[in-house]
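Below are two complexes that have chain A in common, paired first with chain B and then with chain C.
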Partner chain A sequence: MNSSKPGVINTISLLLLIFTFELFAKSSIKEFHLSLEQHVFSPAELTIPADEKVKLIIHNLDNEAEEFDSFDLNREKVIFPRKSAVIYVGPLPPGRYEYFGEYNPTSAKGVIVVEVQNAR
Partner chain B sequence: MPGRFVLVLLIAVQALCCTSAVADGIVVDKVYHPYVLPNEREIEWRLMSGQTEERNVLGQRIAYGHALSETLMVEAYIVGEKEQDGDFGLQGYELELRWMLTEQGEKWADYGALFEIEKQHREDAWEATAGLLFEKEFGKTSLTMNAFAIYEWGENIADEWESEFRLQYRYRWIPQLQPALELYSGEEFFGLGPAFLGIQRFSGQKQLKWEAGFITELSHPGKNHTLRIALEFEF
Partner chain C sequence: MLVNTIILFLRDLLPIFILLGIIAVVFKHLTFSLTFVVITLCCASAGVIGYFHLLPALSDAYMGSGIELSQVILILISMVSLLTAYVLSRIESHSRIQKVFLLFAITAFVIVRASAFIIFLDGYLMKQEFTSNIIVGIALGTGICLSLVALLYFLLLWLQASKLAFTVTLLFALFIAGQVAHSSIILHQINLIDSSIRLWDSSPVIRDASEYGHFFKALLGYEARPTLVFALSYLLTVLLILILHWRCRRPAPSIPMATGGTKNAG
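Now for the complex of A and B:
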């Protein structure tokens, strides 16, 4: 055993402390919905508020799985058939953020529009 | 929010100051991200080529990974290593379990855990690792940190605790090219250097990820460079 043990235990303890704090931290997050039917996301453009974290709930109405993928949003998520998946997005600056479905990239695609005001 | 950022910085400093042990392996390897995708299967190859004034070391790992659930991924490795005057040969086997603890973006940062067990080939030398994986987005950049506690035991190895800390600060420029700065600390090694990461998507869930880094040791005078390359095919 050597001097490294207390060091790493302190590091892991600090990370665990933050993680525990995070588990119990509650905040109200606005919800937005997208649906996937016939391998098409609807609405094709969804507007969300800028500088705010939002909860994106995607309902897969198809009988096949799809994988939501967006480099712009830095998110990847499998949506099982006839199930819903939750993706947390933001806080983001205003702009247009593209996404697509990995299994049907030509039809399953859309844009998240981030605006400062008048978010729906 | 700034308070948590300061705490993260403190953790990084704490880990950098306190990770040390007697050197008996390659510290530069890979910075793990705390994410798992269901249905994910992957084949991975890693190369670590280290060069000092006294010796050259070449390490390679080949692995197959499979997601067990929406949050758990298991990966089995075959590890090969070559010292300067030796032949390249099988060095050990490793089993790794990665656990996604929080949904990406749900909390202030994303968290995961990693557990590994490794056995040296034809030797009674074992290594068990437990670690925490952390990632936080700052706009178009991502800060990833790994902190590992390692215990080694067996007839052919000294029983000892080790610790390692890894950090990657990545700019998500375009999918194929994401420049990063990487830092590795552990086993009396403290190294820093540039890295490049990328991803190319193909049809369906198929995608190829690559990583390359060139890490220079800063903790001791003299030459000590490590080139690391990793290729990961997901399908």
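Now for the complex of A and C:
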């Protein structure tokens, strides 16, 4: 029984190391903001870096719920009135990725432009 | 507004109709009494209303990941319950236990799917705008879903009676795998898993946003640009269900022999 203790401790240490690494990795994720007002997303075009995971925070300033939906990004999330929602996007190759508000698709729409940044 | 209501109805509620259609065929040996239907309806309705009221609070929970986490948990509860009922139907004939698991499966699935549509409805009914469009949209959506599921139901019944009975099991497995694999996308959205490697892009053939895309997503969990984690979870779930299908078989009834011994039938 005692011989299994170092194994358990090593496993827990490894898990903690991975968890710490995960925490560290997540803290370096860049944040981008979108807001929804009068069923219109702004900015209509948001540029994010290519090949990098980013955190997208969407603020719903309206008094009605909206669903952020994007087939290009494979993301959908309900944003309740006067609340914010967080989704993670990427890493993505350069390109234009359309999104829209599922409940008001004619007015609430925009594009996320993925660009290679700091290219030399 | 009318078109949008139909699209949302199909996206959110068609999977429920498909689940019920598949259950009606796969578990056709069970007799679903009116009491069972009423209990299921009551549980699902109470669950949807309760979950709908919890959603705003859940959206803030767990650093904004509460809704996704609860959705994944409910989908997994639903699919595990469905699979348990199936395994029980293969090994034993405890119809009451099978029905209890089916009740869990249907209730959890309806809670996840219907709550998204209720949020949409709530917004418009509060404003009392486009009410007639919404009513017509719901009527048309219900008609489309019922027609599709009726076709699916009779196709599955025909397959079950033919030499292709295994395809019903395969479709059952693919349906569950699709739901499980889509949970990986939800977990990726909240950064709980990393699955950025995309395996292929079948958008030129069937786009996710198209009618076929919606239908095959509801039926088989179709994804135009699946990630490695999506594909792996899909494949592993199908394999698990098929292994359970082959391993869990009702023992063949023993037939008494003329000499007094027994032998296995078949």
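Note that the second predicted complex is superposed on the first by the 90 of 120 C-alpha atoms of A that agree within 3 Å, B and C clash if a C-alpha of one lies under 4 Å from a C-alpha of the other, contacts with A are read in each partner's own complex, and residues count from 1 in each chain.
By definition in this document, contacts are C-beta pairs under 8 Å (C-beta built on N, C-alpha and C of every residue); 3 or more make two chains touch, one makes a residue touch a chain.
Being a predicted model, the structure only gives us computed values, none of them experimental.
Once the two complexes are laid over each other on the shared chain, residue contacts for A:61 go to neither chain B nor chain C.
By the touch criterion defined above, A:84 lies against chain C but remains apart from chain B after alignment on the C-alpha atoms of chain A. Greater residue coverage of chain A by touch, when chain B is weighed against chain C, goes to B. Of the two partner chains placed around the shared chain by superposition, neither chain B nor chain C is touched by A:44. Applying the stated contact rule after C-alpha superposition, one finds that A:116 touches neither chain B nor chain C. Judged by the document's definition of touching, chain A residues 53, 65, 67, 71, 74-75, 77-78, 80, 86-88, 90, 102-103 lie at the interface with chain B and also at the interface with chain C.
Of all the residues in chain B, the ones that touch chain A in their complex are 4, 7-8, 10-11, 14-15, 17-22, 35, 37-39, 70, 101-109, 111, 131-132, 134, 137, 139, 142, 147-149, 159-165, 172, 174-175, 186, 201, 204-205.
On chain A, the positions that touch chain C within their shared complex are 26, 29, 53, 55, 64-65, 67, 71, 74-75, 77-80, 83-88, 90-91, 102-103, 105. Remark: chain C residues 4, 8, 55-56, 59-60, 63-65, 67-68, 116, 119-120, 122-124, 126-127, 185, 188-191, 194, 196, 207-209, 223, 225 touch chain A in the complex. On chain A, the positions that touch chain B within their shared complex are 1-12, 14-16, 18-19, 22, 25, 53, 65, 67, 69, 71, 74-78, 80, 86-90, 93, 102-103.
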